[in-house]
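As structure tokens, here come the structures.
Across the two complexes that follow, chain A remains constant while its partner is chain B and subsequently chain C.
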Partner chain A sequence: MKTLTRKQFGYLCMAPTLMIFLIFAIYPVFRTILLSLYRFRLQTGPTKTFIGLDNYFHMFGDSRFFNALFFTLLFTLLTVVTEVILGLIFAQLMNLPFKGRGALRVVVLIPWAIPTIVSGFMWKFMVHDQYGVFNQILQTLGIIDSFLPWLSRDTSARLVLIMSDIWKTAPYVSLLVLAGLQTIPKTLYEAAAIDGAGPIRRYFSLTLPLLKPVLATAVLFRLISSFKVFTVIVALTNGGPGYATESLTMYTMRTYFDAGNYGYGSALATFTLFVTCIIALLFTDVIRGKIDGGKRSRP
Partner chain B sequence: MCAIVVTSEYARNYILKEEKMKKLALCLTVLLVATTLFAAGSKEAVPEAAVTLHWYSHASSLGNTEKAIIEKFNETNPNITVEVIELPEATNDKLQALLIALQSGDSSIDFFNADVTWTATFASAQLIEPLDTWFPASERAGFLAGTIAAATYNDKLWGIPFRTDAGVLYYRKDLLQKYGKEVPKTYTDLFATAQEINEKEGGGLYALVGSLANGEGLTCNAVEWFYSNGGQVIGKDGSILIDSSQNRQILEMMSEAYANKLMPEGVLSYGSGDARSSMFQGKQVFMRAWPKAYAMGQDPAKSQVMGKLGVAPLPRGPQGTMGKSTLGGWQLFMNKNSKHKDASIKFMRFYASEYAQKLHTLNDSYMPARTTLYTDKDILEKYPHYSDFPQVLETAVPRPQSPYYAEISSILSAEVQNAMKGSKSAAQALSDAQKAMEQVGK
Partner chain C sequence: MIKETILHKTLFYLFAIFFILTIGFPFFWQILNSFKMERDIFALTWFPSQYTVDNYVKAFTTRPLLSYLGNSFVIATFATIFSLVLGSMAAYAIARTPIKGKTPFLILVMSISLLPPIVIISPIYSIIRAMGLLNSYAGLIIVNVLFTLTVVIWFLTPYLHAVPKELEEAAEIDGASPAQAFSRIVIPLLGPGVFTVGILAFIQIWNEYLFALVLNPIRIKTVTVGLKMYESDNYMPWGTIMAAAVIIVVPLITLVLILQKRIIGGLMAGGIKE
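Presenting the complex of A and B:
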């Protein structure tokens, strides 16, 4: 009997995980891609008709798809950019030595710990047109004359969704950045200070470049999860008014599950998968490169 | 004692029925034997193979009524065990769970609770058993016409209704009395009445509110507007009829009312809870809601208008002959692949019987699908306002019947919002809805 080599034993140990991964992750993905090539509807029974790329041609002529894509891109861009900027600022503040810093670091995570559906409803109450505290504050400050129906108008409904996502997720980004900040050796700053670099110079020449891998990870996570936004929309607007806040994921869910249009729903899901894969590929390169680079530059 | 009354009533139902089918004759014999044995005080089980049925149901109701009904059923059917499997809370999640299971050919589901809007979808996908022979016309006589219509698709019956619901108009009794106003019969009167009351009360009151957030609630409201003005959404032959002058007129009227702040400005994001809270805070003269809002409005912890709420049928549009409510509610469907269809139908019948529906009404304030229960002494004692409902329910209309209902509803709700918020004219929104609906399923 042959004994297993170290490598073979490794594969053996990995086998169960790999099997689970294949069955529950890879198989459904490929099945979805395959289904997107068929005309397959709940209402017409279990027969599938192969139609090639017709679902995709239909998609690129579907104004509701483009509307959803536009809103999803707008949402992703605005939330991720703002969250990263705010995350950098908050992390810097939380890294300052002051009394109660530990408590603050915990408190700041609360929005992120609240389930999305709950924070969605909180925001819905806050921007309510009859008793919303948000309207109350703006009115007291003299910014608005009367209470606004935030969720009944296109632009403001989008704005509220974006704000609620930023409120919820900026703390998460700031915590990731804070962790990154703490790995930067203090000696580097001391050396830079001796060389005559001011605080601003130190921030842009030392802190930011050394934070790049952490930032890239944070941006990657945020891009992917923002692009798949769904829950907060269900809680706040359910896609309304009209189609103004219908995201790509929401349109996919409605097409696939509610309408039972499995073929076209799969095509929409495949499109989302394609975009998220591109985002992930772009970033894994950046992250891997920077982490290796970071290791090499360590003293 | 009560059990004997119920069982003998059961036997009577069976005797009244046409005895065409062998199966039914067999059921009848078995049941008669059971009844006789039971009435004679014998606890002996009928010699018949034991069956276990799986019922995919709502999460158990407040009063745990399902359990009580099953126990009662077992008194006469000791050889049938009914196991309840709870479906998810949200209607859409229920639908998905059931579709996935049934499409895979799962035979362990025998029958299940189904929303009124599911009939065409399940029937056209051939996932459920037609019930015409199991539940013939003679047995349907005691039901509200709308509930049977909603369970019917392509001239076949697919479900047995056990619970119904219909939109009604709530009004402030005190305000209408104070200014000597009648309950409005038309939407024109409704807005005029509310405006006058608002002026005399010194402002701060909205005329109308409903659940107009994007989604199913809005579809119900909009369908009521259309039908109350003589319009339609889908014709009997399946043709799309939403782009009509009647629908245009009433949608223009509603959009104008919204623009003139006769409805709360945020109403396009209001679910039924938001609508109720506006009414219960005393900010509304009228509200369109489901009947269950009435009981909530009598709870002093939630409502400032306790004892001031009146309930009436919905008003009609300028071209309509009468106000129409859309129908909600639940029915039982039988899985086409069930291995115990005979036993299943027995329980399904029992669950839709007067006894079971009455228990649900008293325990959980369900609205019964049987006409006779609206004159029932015990029910009226507990819910006096139920006496007004039969006329609303008799004229209630099912929502558009289409296998592609979910898509139809989603287009309808989004385009109505487009018109309400003014980003399209009512004419444009309806013509867009017409085009989009004609593409559905193609």
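Presenting the complex of A and C:
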């Protein structure tokens, strides 16, 4: 048997991964886009009828779609902004030279490691309208008079979902920021201090600009993963009250698997793909940097 | 100056305590309530009037929690191993061999790591059904491999860049084929990196919900899908749910606490890998 050349061996190593990507990612993406152009419902049997862009016309007249889009955008915006701000503060704290900061870094890992469905149930229990500790604390502090049914009202149900996501993800963001903070050379701060810059000035004109690449990466990944929110909603509100907390992913799931409407569901899924592409295009610098990094060794 | 230091110290610890309480409380509350009798939960007593393990017994007897755990363990273990093997091979090809098409391949890896699962879930359901793998271990293993492969490739490629080329070249001069050089020189050097990213992948698969729900709704349920099974329309056995949740989380938290340095390092490297 002839031994392989390096190049041949490289292609051989790549092949299984490429196969998996081809069958389970690339083909499905195009299949979804294609199906979005068909009328295809389980109730009417396996026949698919080509209807062009009709599913999309239907989508733009569908108030439930706009409701889901609105909630998803609201959720994405509020969670990502708050998580980045909290992440910045918390990372700064973890980077200070005090005893016990190691403990902080461990605590940060707990919400990250807990499955989303579990954290959803934890929060559901804490905001329960009869025996939720959240109500109990607020009542003891005199902030509310009587226990509130947090998950039965539109605004408060949305707020609880946003809070639970922030609780779970802000600590993780702070780790990413901390990694960025640690790459900033201390000498820069010393130089700035000699030039007479105070701590606040140093933070805004030195730390923040230097953190920009790390923050951009974090924001890109957080925007996309917040936009696909689903699991935490299943645990907490199941989309209710009414459709107040139904996200785009949840509406798509229900269109597929509850209503059996694969044509329209594919149009909704394609819309999610479209939004994801727009977000990715806003961050082409980050993506290009990552891809160049993949071809180079880490400095 | 001394006064200022004390002020800083006090501020730091106040903030630190505040953060630890906020982050830790929900988890603490979950554990505490898993040991409460139902009447204590209903009566809103903070600490149990009497500690009980009843909820833990019920967690195992009212639903097949043990088999949920077993299923999740099998799926996460095999999917982790497969993505480590395939991922380190692909990372090797990118970092160490003169193949063409590295940039398109990396763009593909990046796109898949950003791809929302909902975009591909319906075709994947059809494929897995056509393969006869609904409600099986294999179906979920394959799908989880897809999403952890991208993580493994991103994580290991820089590691492989860092392995000195001379080591491999020396082996090849001694007459080893590229495959032998890979298995004898590169794989042992990859050890620590593979271990770290393996843990990250395992945790990601253990926590996965969407595909577990869609592909295995009847048999081979995973822990995340199983937890939802404790709910019924008019009754929430909160104590039991909290006990089941503790059991699901404990393996992960133990892993995280033992290996915290590696995990933190791994997560941070994932973030700044420019």
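Going forward, the second predicted complex is superposed on the first by the 271 of 299 C-alpha atoms of A that agree within 3 Å, B and C clash if a C-alpha of one lies under 4 Å from a C-alpha of the other, contacts with A are read in each partner's own complex, and residues count from 1 in each chain.
The working rule: a contact is a pair of C-beta atoms (placed from the backbone, for glycine too) under 8 Å apart; a residue touches a chain by one contact, two chains touch by 3 or more.
It should be emphasised that the depicted structure is a prediction, and the values quoted were computed from it without experimental measurement.
Colleague: Specify the outcome, clash or fit, for chain B and chain C once both structures are aligned onto chain A.
Modeller: clash
Colleague: Mind telling me which of the two, chain B or chain C, contacts the most residues of chain A?
Modeller: Of the two chains, more chain A residues are contacted by C.
Colleague: With both complexes overlaid on chain A, does A:257 touch chain B (first), chain C (second), both or neither?
Modeller: Both partners, chain B and chain C.
Colleague: Figure out whether A:237 sits in contact with chain B (first) or chain C (second), or with both, or with neither.
Modeller: Touch status of A:237: first partner only.
Colleague: Now for A:107: first (chain B), second (chain C), both, or neither, which partner does it touch?
Modeller: It touches chain C, and chain B stays clear.
Colleague: According to the stated criteria, A:35 is in contact with first (chain B), second (chain C), both, or neither; which is it?
Modeller: In the superposition, A:35 contacts chain C only.
Colleague: If we overlay the two complexes on their shared chain A, which of chain B and chain C does A:87 touch? Say first, second, both or neither.
Modeller: In the superposition, A:87 touches no partner, neither chain B nor chain C.
Colleague: Is A:10 touching the first partner chain B, the second partner chain C, both, or neither of them?
Modeller: second
Colleague: Can you tell me which of the listed chain C stretches (145-153, 163-171, 181-189 or 217-225) runs into chain B once everything is aligned on A?
Modeller: 217-225
Colleague: Could you tell me which stretches of chain A are touched by chain B in one complex and by chain C in the other?
Modeller: Residues 128, 130, 257 of chain A touch both chain B and chain C.
Colleague: Going by the contact rule at the top, pick out the chain B residues touching chain A in the complex.
Modeller: 92, 95-96, 99, 103, 121, 124-126, 213-215, 264-269, 274, 278, 281, 283, 403-404, 406-407, 410, 413-415, 417-418, 420-421, 423, 441
Colleague: Which chain C residues qualify as touching chain A in the complex?
Modeller: Result: residues 9, 12-13, 15-16, 19-20, 22-24, 26-27, 29-30, 33, 41-42, 44, 46, 86-87, 89-90, 92-99, 102-103, 105-112, 114-124, 126-127, 142-143, 145-146, 149, 153-154, 157-158, 161-162, 177-179, 182, 203, 206-207, 209-210, 214, 223-224, 227-228, 238, 241-242, 245, 248-249, 252-253, 255-257, 260, 263-264, 267-274 of chain C touch chain A.
Colleague: For the complex, which residues does chain A have touching chain B?
Modeller: Chain A residues touching chain B: 41-46, 124, 128-130, 147-154, 157, 236-243, 254, 257-261.
Colleague: Going by the contact rule at the top, pick out the chain A residues touching chain C in the complex.
Modeller: For chain A paired with chain C, touching residues are 3-7, 9-11, 13-14, 16-18, 20-21, 23-29, 31-32, 35, 90, 93, 96, 98, 100-101, 103-119, 121-123, 125-126, 128, 130-131, 133, 136, 167, 171-172, 175-176, 178-180, 182-183, 213-214, 217-218, 220-221, 224, 227-228, 230-231, 234-235, 248-249, 252-253, 256-257, 262, 265-266, 269-270, 272-273, 276, 280, 287, 289-291, 293-298.
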